[in-house]
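Paired with subunit B in one complex and with subunit C in the other, subunit A is shared by the two complexes that follow.
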Partner chain A sequence: MATAFEIRRRNQLIIAAVVVAIMIALPLGIKDVYVQNILVLTVMYAALSQSWNILSGYCGQISLGHALYFGIGAYASTLLFVKFGVIPWFGMAAGGIIAAAIALIVGWPCFRLGGHYFTIATIVLAEIGLILFLNWDYSGAASGLQIPVSGDSWLTFTFLRSKLPYYYFALGLAAVVWLVTFFIEDSKWGYYWRAVRENTIAAQSLGVQVFRSKMAAAAVSAFFTAVGGSFYAQFVSYIDPDSVMVFQFSLLMALPAVLGGIGTLWGPALGAAVLIPLTELTRSYMGGGGKGIDLIFYGAVIMIIALARPEGLLSLVSRTRHAPP
Partner chain B sequence: MSMLLETEALTVHFGGILANSDISISVNKGEILGLIGPNGAGKSTLFNLVAGTYRPTSGRIRFEGRDITPLPPAARCKLGIARTFQVVKSFETMSVLENVVVGALVRFTNTKAAREEAHRVLDVTGLSRRAEADARELTPPEKRRLEVARALATQPKLLLLDEVLTGLTPAEAQKGVELVRKIRDLGVTVVMVEHVMEVVMPLVDRAIVLDLGRVLVEGAPQAIVRDPKVIQAYLGDRFHA
Partner chain C sequence: MLSAANIAQILMSGLLMGLIYALIAAGLSLIFGLMDVVNFAHGEFLMTAMYATFGLVVMLSLDPLILSPIVAAIMFVVGAFCYRAIIVHAMRARTNVGMVQVFATFGLAIVIRGLAQFAFTPDYRSIPKSWLGGQTFSVLGVYMPAPQLAGALASLIAFGALWLLMKKTDFGKALEATREDAGAVGLVGIDRNRVFAMGWGLGAALVGLAGAILSIFYYIHPDVGGPFALIAYVTVALGGFGSVFGALAAGVIVGIVEAVSATVLQPSMKAIGIYAVYLLVVFLRPRGLFGNL
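Here is the complex of A and B:
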C-alpha cells in the first residue's frame, strides 16, 4: 500500500507531466517571434532559477553571484566552438563541469562565512569574473565573441528560421533540473541541505557534515546554471561580458524563486511564469518612453507580491499541506 | 558495570573565566546520570565539551575507550553520542517527521528506511499524531519532545539531555520522566543536565553535582540531597543540614 508520502510524491510527478505536456503544446499555434522569444526566456529562467534554488533555496546559502556560473557556461561552450570547433553539446557539458569545479574552489573559503557575508562574497566573486573577462583578450575582451550561424542545425545547435528548437531545449533543461530537484528532495542531500538551512548547529549535532553538504549543493547548482549559460549563448549567438556576466543575471535567477516560493519544487517555475512575461511586456509597452516607467511598474509588482506573500506565490495554494487531521 | 564515557581532567577557559576545571567523571553503560548544580556551575559547559560543541583547553574525553577529544560534533554523533539543546533548535519549516528523518539518516542511507525508523521513534516519543505538522506549529513541550526524538533517531549509545524537563508543568514533566525511563529501557545511557532537583532526583541512578566549575560531590541521589556541601552550594552559607 502506498503511504501518504508516496501518493504526494506521485501526484507531484503527475502535475509535472501535465505541465510539461501543456508547455509542449503551448507554442504550436504561436507564430509571433516576439511571443516565442518571451516563451524561451520564461522557460530558461525557470530552469536557471530552479538551479539557483538548489543552493540558495534548499541549502539556504543565498548567492547573488550566479551570473559568474552563467557566464562561465556561456564562454566555455562558445570558446570551444569558436576556437576549436567543438560542438556546443560537448561545450555545455564542459561548461557545467568547469563551473561546478569553480564553485567548489570558491566554496572552500566562502562557506566558512555565514549568512550575509557569504552573499556579499558571491557578489564580489561575480564582479571579479566580469572584470577578468572584460580584459581577457583571448575571449575577445570587451568586444565579445560571435557564434557562427551557418543555418538550421541540431548538431551545432543554431537555428535561424524559428525559435522553437531553442524553446524545446530550454523546456527540456527546466524539466531536467526540476526532476533533479524532485529526486534530491527525497534523498540524504535533500534532507541535509534543508537541515543546514534551518539550523546549522542542530544539523551538526545530528551527524550532518555541514561543509560537505554546502559544497555538494554549490556544485550541482553551478553545473546547471552553466548549462543554462551555454544555452543562452547559442540562443543569442553573440556574447560579451556585459551581456552574460552582469549582476542583473544574478538577480534574475534569484527573483523567480523568491517570488514563487524559495526552497520549493514549483516556486521557481511559477515565479518565472509570472515575472519574465511581466518584465518583457512592461519593457515593450512602457519602456519606449525612455523614462523607466516599465522598471517602476515592475518594481511595484515585486514589492506588492513580497508584502502580500512573503513566502512566495506558492504559499497561496500549498498552505493546506500540513493541515492538522 | 562497564564504562561508556570518561573525562580526564577536563579544563576549559573562556577568556579569563574558568568554566570547567579539572573535571574527571565517568558514565556507566545503561545508567541515567544527573548532572546538577546551581546556575553557572559549569553543567552546560561540560555538556558541550562531551557533545563536541566546545573544545577543552586541556584534558581528554574517552568514549568506549576511544579518545574522541579532537572529533567534531557530527563525528561524535556517528559514534553514538546524541544531544538535545536547552534552547530548542527545531528545523522550523520542515515537518516533524522530516526533522526526525535527518537524525535517522546517520544510520540509514536509504530515505525510505530512514522514514520508517523516524515513524518508529515518533511512536516512542508520542509525537506520531503530529508527524505531518511543521515543526514551527508545535507547542513548546512538543518541541522538547521533538528534540529528544531527533536525537533518538540517530540511535545513540549515549543520549545527552540538556534541561528537557525545565519549564514544563508538573504533568508534562511527569510525562517527560516516563519518556526518559523508556529510553533507558531501550538500552540507551542517559546523561541529563537539570537544575530542578526534585524532578530529577527520583529519576537518576546517580548524580554529579558541579559548583563553580568543579565536581562538588558524586553519588546516589538520596545521599546527595542531604550532603551539606550541596545544600551550601544551592542555598548559601547560612543554611546547614
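Here is the complex of A and C:
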C-alpha cells in the first residue's frame, strides 16, 4: 500500500513527464526565430532559477551573487574552446566543477555569516569576479570573447540556422535540475537543508550537520548554474563580463523562483514561464524608443506579484505544499 | 615613490568621498535598523534626488547648494509615500517576508528607473554652472574640491542632526522604541506605521541631501544610482546592520580604502579594496564593526 506521501511523489513525476512531453512538442510548429528565442530563455531561466533555489530556497542561504558561478561557467567553456580547442561539452563539465570548487572555497568562510551579512558577501564576491574579468587581458578583458561559429554541429554545440537544438538542451538541463531537486527533496540532505532554513540552531541541536549541509547545497547549486552559463555562452556565441557577471543578473536568476514559489519544486519553472515571456514581450512591444515604458510595466508586475502573492504564484495552483513536511 | 604630501592628498580625497558615502548609507542603515528591510531602491532614490536637483536648477536658476534642503524635503515625501503605498503591504506578508521585501523594492527600483527614462531620456545630464563646481580649496598643499568638501560637511551636519533627533526628541525616542520592539510600542500609544513612514521619509531625505550635492560634480542618468547603492550596502553591512553611526565610521573607511586602492592597484580595480575589507571584517567580526543584532 502506497502512503499518501508516496502517491504525491509519484504524481509529481507524472506531472513532470507530461510537462516535459508538452515542452518537447511545443516548438515543433514554431518557425519564428523570435519566439524560439523566448522559449530558449524561458527554459534556461527555469533551470538557472531551480539551481539557485537549491541553495537559497531549500537551504535558506539567500545568495545574490550567483552571477559569479554563471560567469565562471560561461568563461570556462569559452576559454577552453577558443584558446585550446576543447569542445564545449568538456568545457561545460569543467566549468561546473570549477564553480562547485569555488563555491566550496568561498563557502568555507562565508557560511559562518548569518542573514544579510551572508547575502552582502555573495554580492561582493560576484563583484570581485566581475572586476577581475573586466581587467583580465587573457580573457579579452572588457571586450569579451567571441565563439567562432563555423556551421551547425553538435560536436562544437553551435548552430546557425535553428535555435531548436539549444532549446532541447536547455529543456534537458531544466529537467535534470528538476529531477536532482526532486530526489534530494526526499533524501537525508533535503531534510537537513529545510531544517537549516527553518531554524539553524534547532537543527544543530538535533544533530544536523549545518555547515556541511550548506556546503553541499552550495556546490550542487553552483555546479548547475555554471552549466547554465556554459550553455548561455554557446547560445549567444559572444560573452563579456558585463553580460554574464553583473549584479542585475544575480537578481534575475532569483526572481522566477521567488515569484513562482521559493523553496518549491515547481516555483522556479512556473515563475520563469510567466516572467520570461513577459519580460521579452514588453521589451519588444513597449521598449521602442528608449522611453522606459517597458521598465515601468515590468517593475510594476514584479512589485504586484511580490506583494499580492508573497508565497509565490504556485500558491494559486495548489494549496498544499509540494515539499514533504 | 609616494611622498608625504601624496599620502596626505590620498587620505584627504578618501575622507571627503567617504563622508559622502556615509551620508548615502545613513538612510539605508536607518531604515534597516528600524524595520529590518534592505531597500533595493536606495540607489534609485539617490538618482531621483539628482534629477530633482537638476530639474529645480533648470526651473528656478538657483544654486544646487541652496536647493539641497528643498530636495531633501521632496525626498522625505517620496520616501514616506513609498512606505505607505508599497512597503506597508510587503510587511503584511505572512510567509517569506525577507524576499518579498527585496523584490518589492527591486520592482520599485525598476519602475523608478523607467520613469526617469520616460521623463528625462537615458541621456547623461550635468549641471553646467554652480558656485562650487570646478572650485578647489588648498590647505597646506592638500587640495580639496569644493563640491566634495561641501558634501563632507553636509554629511557631518546631517549625522549631528540625526544624533540630536534620536537622543533629544520624542520622535527619536519613539524611533528607538519601535526599533527595539515594533509590537510593544502600540501598547504605549505609538503608531508604528507612522514611525515607519517617518523613518522612510527621513532615510530618503538623507540620501536626497547626498544626491543634491553629488549632482554638482557627477553626471546624472537613470542608472547612476546602482554603483552608489552597492557601496552603500557594503558600507551599512561593514558598519553593522542597525548601527547608523557605524555607517558613518564605515563610510569613512570605505572612502579611504577606495582612494588607497585606486593608487596601489589601478583605478579600475579600486572597488576590490572595499570588497576585500568588507570580507576581512565580517570574517573576523560576523556582525560588522558596530553591529549589535
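Keep this in mind: the second predicted complex is superposed on the first by the 319 of 325 C-alpha atoms of A that agree within 3 Å, B and C clash if a C-alpha of one lies under 4 Å from a C-alpha of the other, contacts with A are read in each partner's own complex, and residues count from 1 in each chain.
Methods note: contacts are C-beta pairs under 8 Å (C-beta built on N, C-alpha and C of every residue); 3 or more make two chains touch, one makes a residue touch a chain.
Because the structure is a prediction, the values reported are computed rather than measured.
*Asks:* Quick one: on subunit A, after the overlay, do subunit B and subunit C clash, or do they fit? Just give me the call.
*Replies:* Partners fit side by side after overlay.
*Asks:* A:M23 in the overlay: touching subunit B, subunit C, both, or neither? Say first, second, both or neither.
*Replies:* A:M23: touches no partner chain.
*Asks:* Using only C-alpha centres after the superposition, what angle do subunit B and subunit C make about subunit A, to the nearest 10 degrees?
*Replies:* 80
*Asks:* Is A:Q209 touching anything from subunit B or subunit C once the two structures are fitted on A? First, second, both or neither.
*Replies:* Touch status of A:Q209: first partner only.
*Asks:* Check the contacts made with subunit A and report whether subunit B or subunit C touches more of its residues.
*Replies:* Subunit A has more residues touched by C than by the other partner.
*Asks:* Where does A:K188 make contact in the superposed view: on subunit B (first), on subunit C (second), on both, or on neither?
*Replies:* first
*Asks:* For A:E198 in the superposed arrangement: first (subunit B), second (subunit C), both or neither?
*Replies:* Once the two structures are laid over each other on A, A:E198 reaches subunit B alone.
*Asks:* Quick check on the superposed pair: does A:M253 touch subunit B, subunit C, both, or neither? Answer first, second, both or neither.
*Replies:* neither
*Asks:* Look at A:C59 in the shared chain and tell me whether it touches subunit B only, subunit C only, both, or neither; answer first, second, both or neither.
*Replies:* Neither partner.
*Asks:* Between subunit B and subunit C, what is the tightest CA to CA spacing in Å in the combined model?
*Replies:* Distance of closest C-alpha approach: 9 Å.
*Asks:* Following superposition on chain A, which residues of subunit A contact subunit B and also contact subunit C?
*Replies:* Shared contact residues on subunit A (touching subunit B in one complex, subunit C in the other): none at all.
*Asks:* Quick check: in the complex, which residue numbers of subunit B touch subunit A?
*Replies:* Listed in rising order, the residues of subunit B that touch subunit A are 51, 53, 72-74, 77-78, 82-83, 85, 89-95, 98, 101-103, 105-106, 109, 111, 114-115, 129, 132-134, 137, 150-151, 153-154.
*Asks:* Subunit B touches which residues of subunit A in the complex?
*Replies:* Touching subunit B from subunit A are residues 4-5, 186-188, 191-192, 194-195, 198-199, 201-210, 263, 322, 324-325.
*Asks:* Using the touch rule from the top, collect the residues of subunit C that touch subunit A in their complex.
*Replies:* Answer in residue numbers: 32, 38, 86, 89-90, 93-100, 102-104, 106-118, 121-122, 222, 226, 230, 233-234, 237, 241, 266, 268-269, 271-272, 275-276, 278-279, 282-283, 286-288.
*Asks:* For subunit A, which residues count as touching subunit C in their complex?
*Replies:* Residue positions touching the partner: 62, 109, 112-114, 116-117, 120-121, 123-125, 127-128, 131-132, 134-135, 247, 251, 254-255, 258-259, 262, 290-304, 306-307, 310-312.
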